[in-house]
């Protein structure tokens, strides 16, 4: 069905169900319980899950398949964001044109940067993309202020000359991004017993786009084109002596992944119409690398998992402050509780990056294939007990070791 | 007029003369071996044929067209395939995919985006690849990672990858280097089979005289960057110049 | 003419920092073959060594001075640093004032230990892994290190002054026969430049004139052969890593009066230092130093108002622009050797 084989279809349906029921699944704790702070089922965070999922899926098409490590993908996300906001300023608050223009601009920029950077491989490619992205960031921050809003960022104003639409609503507010009238910040609440679930229009739009991107990524992974990209990673020399030109393949992968980043940027501004230069800084590029590696580069589901995990940790851990910790450990004897608070405190709240850094290092050291490899290892442990390990279908488990394309 | 014509090729590396005035003519559908002691310029010559190196002077014509200045993938598209000294295969891919890639390259050229089709639905290519794998007796290993194959199997796979493209000219760079005697004999049998079954020209660079004399129809002896003699294996065996350059040095 | 000299001088201090960090980076890359994204963090740790020493020296106890009163009329509380109490106000005061140069002595053992622990504990296991893995794990380490610093020292920059003797500027132009006050140059920047030259000279001399250095240079050229000679090259490389860490740390220590240290200064410098290394040529020590100064001076020229008027924003992007051009035209960098990071 859908041109997928059975395993891919199962995977796709699982992701589909997860995305559909995310508002339930991410809110497993009653709203007034002590554990409610681990709930992630609020629109803002769910939107970020799927949007960064798209970003990471796209990055994985480049890094996971070809092995070219780009340290500048945030530039495409940033450019997509700016283009999207401008579309809303000038044309209409409907998100479709904004998203389309985001993808287009990110695609053009990635074509330019990719065309130049792909002349080199390995570490040099990483440095080139890094240099380009930092240039974009510096320019957006300084000279291009009329276009980008500089330090304050680009946002909607009350006097935007919106051609198809109004500059202000009747109440004198800035209009809200919408999809043919369905406003993106619209939500419906559902209370069931002690649980509260929120369904947001914006989330579902983003989720649908994510599913479409995920579907495309599966098709691409299983296509001859995807096989060629893996061939680039595996052995460029043999590729050339087989009569294939690796440059167009890598460039196509680069542009596709840049367009995914632009799509993520466009969705971001559709949910919250403002764009800032800090989205393009190189640590933001580093973040998508973290997501992809953490989940499992070169696997289909890995980047989505990685994006979800990082965004979840970011939100949940950074909300935990000293007070919360003291509450948790209050049942412990005196002395021990304050000791535990002191131990745990550096890893939460503002220090959540420390946790992230440690998790990331552990994954790179012990699980180069990311969470997916971890799951496979655990699965293999169980399988071994029941029956001898079934011959792995390597098509579904591309070798999880990431390489720089060289 | 041979299918491959090398004329007055010179190549210097700094002050070192790697090739000087090399002339070579390879007849169509023959097996031509190039032998010579270490440092004779065999590999340099081969690299000039496939576009990895560009000679300083001279010309290399394949089937009436110059190969000079073309990139490796363009030369392959002209009908030249190459087997490397250490097998160059796609280690991360399965054996089957390894053979599919050259099929795509022969059908679609240097680049085509099939970003949406499922590769298993390319019936004709799947069929060609399977037939090729059956030919080299590796069909049962089709789902294995190429990197996990034995050295001999890697060599067979690499040959399969080259042959599936039905090249006019197959270049082999020491195809039995580092192989056990049994693997070497298998490889010789495979090459003989290829020679007898297909209309293909082969140029073999080889150290192992056993391999050379069991396969080649003509032999060129290269020494210090220049061809000494070119003749049939029978004549080469007793040629005094060859003994001097080759055996004299070895002794 | 005076403008040009002024810009060159202005570029020297940044260039010195770039050169020192890049020197360590390229040393690690050339010897261990590891791409160390945590090198900027070492620079930052060095800067915080200076901060720490300053804090240690100013640790004080409080006494009540009955003879004076504070603005509320209560007896004044006087903070006396322990060092002043122990060594007398003369020596103690001098130590506090000179805390930044003193931190050099303090930083060397600390950075050496950090370097050793890093190499033995982490980097060692990544020699055989792909460069991407090395980049990623050291990137993770850099995040961890800077978060630890952020936790203990806060997110705000911590001003760490130079000794009074080096505060202010001197009139460099007069020395060269220009009008007074045309070329004013802060003393500390000159100190930094000279310091950098000494450190660079020491590293080069060490590599050039000691047998240890000779082995390391041989190892950089051909690791396997040197290993075959029965020389324990690994231990030497560990020491080289520690030396690179010390160089980066010292660069950080002395940079504190120029830039108040903050936890993310390492990351800021890291990106630029990588560009410097690539421009100089991966694995080339003279290349790293040369391109460090070159890019520092270039950046200073690009920051001139006259240049910005013509090419707005050029000061922000000049280094990246140069890197892109160099990488595309001379893939091995200015002085790169063949065979480094190539297929």
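When the chains are written out, they are named A, B and C in that same order, and each has its own residue count from 1.
The rule we apply is simple: a contact is a pair of C-beta atoms (placed from the backbone, for glycine too) under 8 Å apart; a residue touches a chain by one contact, two chains touch by 3 or more.
Predicted model only: the values in this text are computed from it and were never measured.
**Q** Which chain has its C-alpha centre farthest away from the C-alpha centre of chain B?
**A** C
**Q** Point out which chain occupies the most central position, where each centre is the mean of Cα atoms.
**A** A
**Q** Centroid from C-alpha atoms only, then distance chain A to chain C, rounded to Å. What do you get?
**A** 34
**Q** If you average the Cα atoms of chain A and of chain B to get two centres, how far apart are those centres in Å?
**A** Spacing between the chain centres: roughly 46 Å.
**Q** Taking the mean of the CA coordinates per chain, how far is chain B from chain C in Å?
**A** Averaging C-alpha atoms per chain gives centres 53 Å apart.
**Q** Two-or-more-chain contact residues of chain A, please, as numbers and ranges.
**A** Those would be 237.
**Q** Which positions of chain A touch chain B when the two form their complex?
**A** Touching chain B: residues 3-5, 219-220, 222-228, 230-231, 233-235, 237-245, 248-249, 252, 256, 391, 393-395, 398-399 of chain A.
**Q** Which part of chain C faces chain A closely enough to touch in the complex?
**A** Chain C reaches chain A through residues 35, 122, 125, 129-133, 135-137, 139-144, 147-148, 150-151, 155, 267, 271, 274-275, 278, 282, 312-313, 316-317, 320-321, 323-324, 327-328, 331, 341, 343.
**Q** Can you check the complex and tell me which residues of chain B touch chain A?
**A** My answer: residues 50, 71-73, 76-77, 81-82, 84, 88-94, 97, 100-102, 104-106, 109-111, 113-120, 122, 143-145, 147, 161, 165.
**Q** Quick check: in the complex, which residue numbers of chain A touch chain C?
**A** Listed in rising order, the residues of chain A that touch chain C are 67, 69, 116, 119-124, 126-128, 130-132, 134-135, 138-139, 141-144, 236-237, 282-283, 286, 289-290, 293, 346, 350-351, 353-354, 356-358, 360-361, 364-365, 368, 401-404, 406.
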